[in-house]
Amino acid sequence: MKKIIGIILCLPVVWNAYAQQEISSLVKKAKLKMESVNDYEADGRMRTNVAFLKVPVANVKVYFKKPNKIKVKSEKGISFIPKGAVSINMGSVLTDDQFTIIDAGNDIVNGIKVRVAKLLPVDDNSDVVLSTLYIEEATNLIRRAKTTTRENGSFELEMTYGKFGGFGLPDKIIFSFNTKDYKLPKGVTFDFDDGKSIPPAEKNKSRKGRAEIVFRNYIINKGVNEAVFK
Amino acid sequence: MWSLLQIELYKISKRPRTFIAFIAIAAIVFIFQFAFKADGESYMNLMLQSVNDTFEIDKSKAINGYFMCYIILNTLLIQVPILVALVAGDAISGEANMGTLRLLLTKPVSRTQIILVKFLASFIYTVTLLIWMAITALFISLFIFGADDMIIFRVKGDESQILQITQDDIMWRYLAAFCYAAIALTVIAALAMLLSVYAENSIGPIIATVSIVIVCTVISNISVPIIDKNVKPWLFTSYLVGWKGFFYIATNQDGEPIKGSIENWGAIRNSLYILLAHIFILLGITIAVFKRKDILT
Amino acid sequence: MGVMLEVQNLNKKFGDIKAVDDLSFTVNEGDVYGFLGQNGAGKSTTIRMLLTLIRPDSGTIKVFGKNLSEQRNEVLRQTGAVVERPDLYKYLSAYDNLSIFAKMSGVKVTRKLIMDQLDMVGLADRSTSKAKTFSQGMKQRLGIAVALVHNPRLIILDEPTNGLDPQGIADMRSLIGNLSNEMGKTVIVSSHLLNEIEQVASRMIIINKGRKIAEGVVAEMLDPAHTIVQLGTTDNVKALSLLLDKFPDFHASLVEDTIMLEMSKSDIPKLISTLSLTGVEILSVQPRHSLENYFLSLTNAENHVEPAAN
C-alpha cells in the first residue's frame, strides 16, 4: 500500500503545467517535476469500502520523502490500510529506459479529456506487467492510473485535484483493488446466530475493494522526520 | 425475605466450593493474558491470514484490553455454566445431603420463599462471577494491554466479517453484554436448581446440568434444516452467545459502522424473551415440585 | 390442661405401603408424650407430617387449635424440633448455625441470646468451632439449642438419644424433664426403646405398621394388671361395633384380622358370654400378660426393641 500510495502521490508531481504532445517526453518532464516536492506531510480521511470489512472512516497522516518513501498512519484507533502489494518503485516507473512508453490515444475520465499512455516494463521479470496513465492535457495532471501486476492482480487510482493541484498533489484519491475472500479459520468463534444471513445480492458483489482518501491539508517541503517511515 | 437472602448469601460465602469458580476464572483469564502478551501477534496473523496480503494493520494496537476481554469471554462464557451449576445445583440437594434441609423446612418459612431466596442467591452469585470476570478480563486487560478500537472477527451465515468499533463506543456494549450474560447464566442456575430439588446429593444435579448444557449446545450447533427450524429456536443454548449481538455493530450502505448502533436488536430482544421464559418456567416447575416434595432425608 | 396437638385419621402411603394408617391421637399441654414403635412403624413419618416435611394423604393435624395445613407458619413459629440426626451446617460455627436458625424462626438475634443458648447446652466455649469438629453428643446438644432458641411451646424430639453415650442419654433425659417440669413445655419424644419412653414420658402411644396399638398414661399402660386381649371372631366388624358400644373402657380396635382390647383378665368371661349372646362366634381369645410383653412380642422377632431395664 505504501508503495501504491507513493505512486499515487508522486506521479502527479512529475507533470508540470506544459502540455506535451510527445508521451515519452511527458514522462521525462514528470521526472524532472518530481524534484520540486522533496517531502510532504498530509492530513486526510480514509474511507475503506470492502465487503467483509466494516470499519469506520479513519483520520490518517500521509508522509512522503524523496525518492520513494511513503507512509500512511492512522492518527487515532486502528486502521486497515490496503497494501499495494506491488513491487513498483517510483524510479522504475519514471525511468524512460526501463519502460517502453506507448501512446494509446485519447479518452475521457469523469468528463475530462485525457491522453492515455501505456508503460511496459523492459525487464521481463518485473512484477508490473502494464501501467496505464490517463493524463489531462490542459493541466498535465494524472486523472487515473491503472496497474496490472503478475502476482497481485490489478489496481486502479483515480485522482481529483483542488488547491494543491499546482503541486500536482490531489485532494482526493480513490484506490480500487482486488481483495480475496475473507475467511476466518474454522472453529475459532462461537457466533451468535441471529437467524439472518447476508443477502445473496450483497454476497455476489464483486470482490473489489475501494479506499478513498480525502486530503485536507499538505505541508510541503518542510522536512519529514525519518523515524515515521520505520 | 431480605434476612433470608442474607442468610443464604452468608452460607454460600462460607463454602469453599464457591471460591473455586473465582479462582478458575482468574486462572483462565491470566493464562489468556499471558499468552497474548507473549505472542498475541500469532493469533492475529491466524485470524487475518486470508487478508494479510491485502491490508496492513497495527496488530499491537489491535490486541488491546477491549479485544482481550472479547476473546476471553468468547471462551469463558462457554465454561461458566459449569461454575454456576456448581453452586445452584447444590442449593437444595446440598442441604438434603447435609441433612439441614429438614431443619430448614421446619422453620416458619414457606417452601416457595426458600426456593425464591435460593434462586435469588444463585442469581447474585452469578452476577458476582460476572463482575469478577469484568474486573479480571476487562479492567485488568485494559490495564495490561491499554485501550484502543476493537476488532471483532465474526462469522455471519457462511461469510466472515471484520468489524471495527471505535474506542468510545465499546464500554456500554460490555455493560449490556454482561447483563445479557447474567440472564443467560441465570437460566443455567434455574435449571440446576430444578434438578437440585430431585436429588439428595449435589453431584447429580451438577453433572446433569452440565450434561444438558453440552447436549443442547451440540444440538444448537448441528446444521440440519429440520433442527434449525424446529428445535434450535427453543433451546436456551442457542441464545447463550447472544451477548455478542451487542458487538455486531450496524453499518450504513458504505459498510461503515454506525456509532452507538446494534445490527439486530430484534434478535437480541427475542433471545432475552426466550431466556426469561426459560427462567420463569424452570423456576415455576421448581417451586411446584418442591412444594409437593416429601422430605425423607 | 388444654389440647396442644390433635391428630385425626392421618394417612400416608408410599407407593403401595401404608406408612401411617388412620392414626389419631391427642397431646395435652404440658405432656411429655412418648411415641413408641419399632423402626419402620411409622413414627418418623408421623413426626415429619407434624412438621410439614411430609404431606399427609388425608387426615387433619391441629396444633394450638390451628390447622397445620392452613396456618403452617404460625404453628412452626412455636414449634422446635430435632428430627433424627441433628444435622447442621458443618462448615459453619456453632454460633453461626444457631443464629441462622434463630433468624429463620423469626427471632431477633442478639449475641447475648445466642451465647445464653450455647451456654445452656454447654457449648459456650466452643461457639466459634465449626460444627464438623463436634462429637455426636455435641451436635445433639447444638441441635437442641437450635430447637429451643426461639422459645417454642411445642418441642418435637425424634429419637433424641440415638448415637449418644450413656452420659449423653442421661443428660438428654434430664433435659427433657427440665423442659417439661421447669419450663412448662410440651414435648413429644419418639423412640423404639420402651424404657426410654417409660423414663421420660407421662403419656404415650404405641404404633405398629402405621396403626395405633394403644394410647394412654404410661403408668397405667404398663400396669401388669392391664392386659391386652387379642380376639378372633367370625365377624370382626360386627363384634367390634358391639364391643365399642357395650365396653367402651376396653378401647377395642381392629388390627389386621384380630380385635385388640385393653382390659383386665377377670373380664374375659363377661366378654365371651356377651359376644355369644349376639351370635358372633369366637375363634380365639389370647390374653397377653401386659402391654410391655405385647410390645416386646411385636418387635422381638426383628429384635428391634430391647427389654425394658426395670
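Labels A, B and C are assigned to the chains in the order they are written; within every chain, residues are numbered from 1.
Note that in this section a contact is a pair of C-beta atoms (placed from the backbone, for glycine too) under 8 Å apart; a residue touches a chain by one contact, two chains touch by 3 or more.
What you are looking at is a predicted structure, and each value in this text was computed from that prediction instead of being measured.
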item: Greatest separation from subunit A - chain, by CA centre; value: C
item: Identity of the most central chain, Cα criterion; value: B
item: Approximate Å spacing (C-alpha centroids) for the pair subunit A, subunit B; value: 47
item: Where subunit B and subunit C are represented by their mean Cα positions, the distance between them in whole Å; value: 50
item: Rounded Å distance between subunit A and subunit C, as computed from the means of their C-alpha atoms; value: 97
item: Where subunit C touches two or more other chains at once, by residue number; value: none
item: Residue numbers on subunit B that touch subunit C, as the complex places them; value: 3-4, 7, 10-11, 14-16, 98-100, 102-110, 292, 294-296
item: Of all residues in subunit B, those that touch subunit A in their complex; value: 46-47, 49-51, 53-58, 61-62, 74, 78, 148-149, 151, 153-164, 166-167, 238, 241-245, 248-249, 251, 254-257, 259, 263-264, 267-268
item: Residues on subunit A engaged by subunit B in the complex (per definition of touch); value: 1, 47-57, 74, 77-83, 85, 152, 177, 179-185, 188-198, 203, 209
item: Contacting residues of subunit C [partner subunit B, same complex]; value: 48, 51-55, 72-74, 76-77, 79, 81, 83-85, 87-92, 96, 100-101, 103-106, 146
